[in-house]
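Each in structure tokens, the structures are laid out below.
Two complexes come next, and they have one chain in common, subunit A, joined by subunit B in the first and subunit C in the second.
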Partner chain A sequence: MYGLSQILLPLRLVMALEEEQQQAESEGNEPAAAPEAPPSANAEPLAWMKDTVQWGVRAEPGKHGLTMRDLNVGIYGEIPESSSDMSRRPRGAFPIPGVPRTDLYALSAKVDLWADNAVDLYEEAIQRRWMGHLEVDWDDITPQPIEVELAMRQLCTELAQQASMETDIIGQWLHKMNYAYHEVKTFLASEIFDTGRHYTLFRRRALHNDGSLGLESAGQFNRRMMETRPGWTEVGMFLYMVRGPLTLLLYRYGEAYARNRADKFLFRKCVEDKARHMAYGMAHVKYAVDNQPPGFGQGLGNLMRGVERDLVRDLKDPVLWEALAIIISGSVANMAQGMAVVEDFKQRYIEDYLKRMQWAGINKTEANLSPDLAAFLRREETAEAGG
Partner chain B sequence: MATVDSRTKYWEQAREQGFDLSWLSQLQDHVMGDGVEEYSANDTGRVQGSIPRNNVARFGAYTFRTKSEVWAHNLTKLYEEFITRQWSSATDIPWETIQALPEDIEAAECQLATFFTQVEFVASDVPGRFISTMSPDYQEVRLALLAQVMDESRHLDVFRKRALANGGGLMRMTDSVSDVVGGSTDNAREFTEFSSRLHITGEGNVLTLFRLGEMMAYNDAEKAIYRRCAQDEARHVAIGVLHLRYMNEFSPERREEIHCYLDEGESRQATGAGGENPAGQNQLTSQALAVLLGGGKDKMDEGQNILRAIRQRQTKEYFQRLKSAGFDDRIHNGRVSPVLLEQYKAAA
Partner chain C sequence: MSDPGSSPLVFPSVEWFQALRELVNSDEEFRRLGNIDAVMGVKVGERVFVITFEAFECTGVREGTEYDLIDADFFLEMTVEQWRELVTNTQENDGADLSHTLNTLDLMIEGGISDNATGDQLRADVFFRVNQSLQHFFDSSARLETVFE
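Coming up: the complex of A and B.
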């Protein structure tokens, strides 16, 4: 708290307010100041000048400017374990009694959404922003053999839909998150901004050279992510530890096998974005596993038993893999060689999935993996690709 | 380069090896339609223009699936502007120009910053809610909204930074719920209702204030904040104006409904109910603004006079939006709020 001498409102201001109120009332509108108006509006003029929980804060810019993390000092950096505040009050702002609830925030416990790195990832997302419509050298993308063009259109259609689904999924949850955790909400806002960019650019890439779009995604896992309701952590596990590694590998292979600088640039920038998304997601799932009651991580592992069968169904769909094989090999004639690389891709994907789950504290190993997924692991590596 | 004959031959050979390749033929034959469908049957989340498949799970129960509910022209161009004009609150604001201010001025700045930190949350959450309920066939609208969510997040971030950067702190929260009559932006379940409230009225008023930021800024950092936020806010308001313009042109049967939304918005603008308009009458923030505009708590009379002129400017710009969207008949047929009409005449 700090002290400022109180002053009365100047007489002219009071008269002006009364005049406005009378005018409004006489014209059938709501009165300017109803009897229940907040304290600031009537009883004690300028009383708000004393209403602060902590004064004298001077956040200092660091080498990356004045970041959101720099603001987390004093009471402003105290992240509550849970929040019963449903009024949209900024964390650390002076509360006023009797404010009605604005919304019912289903995610009001830190454990349901938090990750310590979200605050830094938000700033990174902004500082590493890019403009695909200007920075990608679209003229550099010259027509390839028809098979490669068609395969590229299919890959880009798949990636555009993955991005769009991510927008939908986060959009479903963002508004349910309590404002006490604004670091997470702002990071996720940056993530859907990224997904919008990815959607736009992959769609544009598919349509380049008088192209058109390919087939829609196989869709089983999309449904799983969209229809999951128990919590953001479960959705996060699907989005960042199952779908995320697949998307990231597709970007990496896209960069590795790009036939021009524009595609290489496009995929590389998307890798940066996706790595950031997954850094949040993995940190959150690990935080939840570490801080939820015992057995939560085991429950996530059990949940995956059914989910993996959905995943298998998608992975058995040939469309994406055949397209990737053609892009890698450069033709249908040589796609058997390309498919060998694709099989390595699938193996890497499943290995990556297992490593990430284990890192987060979820007991997921080859032994308890779906047999159909485990089959991807039991093969000789035939080629090296990606980053 | 393979000839068509040779290509046909080794495509066949690949099939004999066990590859499917039926998708390749489908892509080759696929011709995308022009334009956006009036009704979206998309229930799988597929990308607009992609080839539907029969064996995909149907999970996309999108609430908004007609073009006339959500559409606006020129959103693609607007979205590109969103992308191009992003900025960083950490590095694009000259924070080093902030110096100690008189205590009453700092308190007023912090109170105003607290208000914006809170209300920008509204403008982030509510559009976000609509994105996932809208068919991906209307992706241009979704893109504009998700870009708005990004902007609003940066706004709450930059105003929080301002409150905590100069020896002050966050101050009193705003009660945005009490005294609200009729519908609110938060509670809107229909896109046009939401857009008319948020974009046309709520953000329109904030835009006017941001544009006049030079008058309440005490250093280059604050000027930069208001200037950049004004650029962002103008895009958000444009979403609403473009949508209402489309509705006026293609859904004239909904004009009366839209006028009802505007009735409510004007009532709140005239009275300050809901606390959305920081310059609104008898608001906590209007006192803070009077301190800032006048130059201190002992010069609030002068500040209040300027604030009155700002309200007039808000109304003038609101009337311009009505005209641009094709709903200015209410200005001339007696439907517009008399309080706003008086303000408009005073501003003329």
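Coming up: the complex of A and C.
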């Protein structure tokens, strides 16, 4: 049943338009050029109510509520291998002839952006959302010795920058993705929201206790991610499998060496978000490697040779490592102890990077790793040989 | 703490994890943290427990074997003494103190405490994706009167 207001609404709209036109003519304005026939499928009044691609679709809520996955039934769950639709028509909506295209989606093939887990990760992002400004007990973050404060500010400045980079990188690809793949688009929208949150929270943490922001981070790898053009898969590999493990580890060490429960909570919730982002990225890269023509994964591996050089240049910058060493050890005087943990961190990072690349089907091993990065893995051998 | 008059629960045991399950399932704060879909193995020395989370609840607790770890998203493994230290620390501090959170233990204990039995990194990462809920789960054990085997 439809209420009277719903039936009268279209009539009111027509009357309002006619009134507007009469008013324009009475004011001496040229009447607007008559638009071409409106893009309706049927001129009969209210006929649009009968237009649907499929009747009778029923979605049932599950234990998680009525999720995006639950709604993927009937035609609404048909995910095309490619889409030539250049409008913003929601998948499953009734197509209207003559609607001008609104974009030229460069990513209109499923293989260019898809991950099977995106639909569930979107729900996870929505249902596990958090509000740092309310949920972090900021009053619990009491001042530490100035060197620890400065080190924490530096770490948080770098983390804020990493987050804002991620926002921009996803932003410049999101509008290129076809709406047929709304699972991915909405998940990435949630990721932008997350990275926006991370940016503001780490900036706030740096400024807490009459603080200040530290130095901006070395930017070679940032630039590489921003300027990569061949495809989202390549950018995704950089973002989620090279930068991602570094950010995740920084969050994890931030949690482990926090000096109060508020910082513990802040870093732990960021760990959750980052791991979720990486779950999409890893699954997408693996999907692309499995479904692109043979040799695609090899190409991704080859691409890393140059990229690793940028990574090495960033990793040689001492600022982040010194800050981390001070946070870990609690003082400049004990920094050497902290630096030993930092060396473990670097080794763990490179191991993690290799593991994730291999998981996605990319042949990245110690044997074909940049020698400078491989050196991080041989720290124990070097220490034993030297000592 | 458990209800006055009730017997202390033995750690590790199905009854201990079952009591923990009941605590979080009636805990609004646990639900508010969001959905958690995970099969978690808990290895205490040689004993294995399988804890299942679905949507907003802990839906299952049972004792298992090493083979069950293959089907788990991740499993937490520590020695009996390390688990005992964690549970005791949690009780003394109304939740793990700064050096006993799950993430901290995973970084500090040689070889880590969390892993996927088949080397599936995507499933191993579930430990990180729902880490706050897992922390809340184990922190809730501060409310259980516990004795050790």
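One rule holds in what follows: the second predicted complex is superposed on the first by the 341 of 387 C-alpha atoms of A that agree within 3 Å, B and C clash if a C-alpha of one lies under 4 Å from a C-alpha of the other, contacts with A are read in each partner's own complex, and residues count from 1 in each chain.
Here is the rule we go by: a residue touches a chain if its C-beta (ideal position, glycine included) is under 8 Å from a C-beta of that chain, and two chains touch if they have at least 3 such contacts.
All values derive from a computational prediction rather than experimental measurement.
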item: Combined model on subunit A: subunit C and subunit B, fit or clash; value: fit
item: Contacts of A:261 with subunit B and subunit C, given as first, second, both or neither; value: second
item: Which of subunit B and subunit C A:269 touches, first, second, both or neither; value: second
item: Which superposed partner A:154 touches (first subunit B, second subunit C, both, neither); value: first
item: When both partners are placed on the shared chain, which of subunit B and subunit C touches more of subunit A; value: B
item: Touching partner for A:123 - first (subunit B), second (subunit C), both, neither; value: both
item: Apex subunit A: angle to the C-alpha centres of subunit B and subunit C, given in degrees as a multiple of 10; value: 120
item: First, second, both or neither for A:252, with subunit B first and subunit C second; value: second
item: First (subunit B), second (subunit C), both or neither touched by A:336; value: first
item: Three-chain overlay, closest Cα atoms of subunit B and subunit C, distance in Å; value: 11
item: Touching both subunit C and subunit B, counted on subunit A across the two superposed complexes; value: 64, 123, 127, 129
item: Interface residues, subunit B side, partner subunit A - complex; value: 1-2, 7, 10-11, 13-14, 17, 19-21, 23-24, 26-28, 30-32, 44-47, 49-53, 56-57, 59-60, 79-80, 83-84, 86, 88-91, 93, 95-96, 103-104, 107-108, 110-111, 114, 117-118, 121-122, 124-126, 128-129, 131-132, 136, 139, 142-143, 146-147, 149-150, 152-154, 156-157, 160-161, 164-173, 175-179, 181, 186, 267-268, 270-273, 281-284, 287-288, 290, 297-298, 300-301, 304, 308, 337-339, 342
item: Interface residues, subunit C side, partner subunit A - complex; value: 33-35, 37, 54-57, 98, 101, 103-104, 106-108, 120-122, 125, 128-132, 135
item: In the complex with subunit C, residue positions of subunit A that touch it; value: 62-64, 117, 120, 123-124, 127-129, 248, 252-253, 255-256, 258-261, 264-265, 268-269, 271-272, 274-276, 278-279, 282-283, 355-356, 359
item: Subunit B-facing residues of subunit A, complex; value: 2, 4, 7, 9-10, 12-13, 16-17, 20-21, 23-24, 27, 29-34, 36-38, 40-41, 45-46, 48-49, 51-59, 61, 64-68, 71, 73, 76, 87-90, 92-96, 99-103, 122-123, 126-127, 129, 131-134, 145-147, 150-151, 153-154, 157, 160-161, 164-165, 167-169, 171-172, 174-175, 179, 182, 185-186, 189-190, 192-193, 195-197, 199-200, 203, 212-220, 222-223, 226-227, 318-319, 322-323, 331-333, 335-336, 339
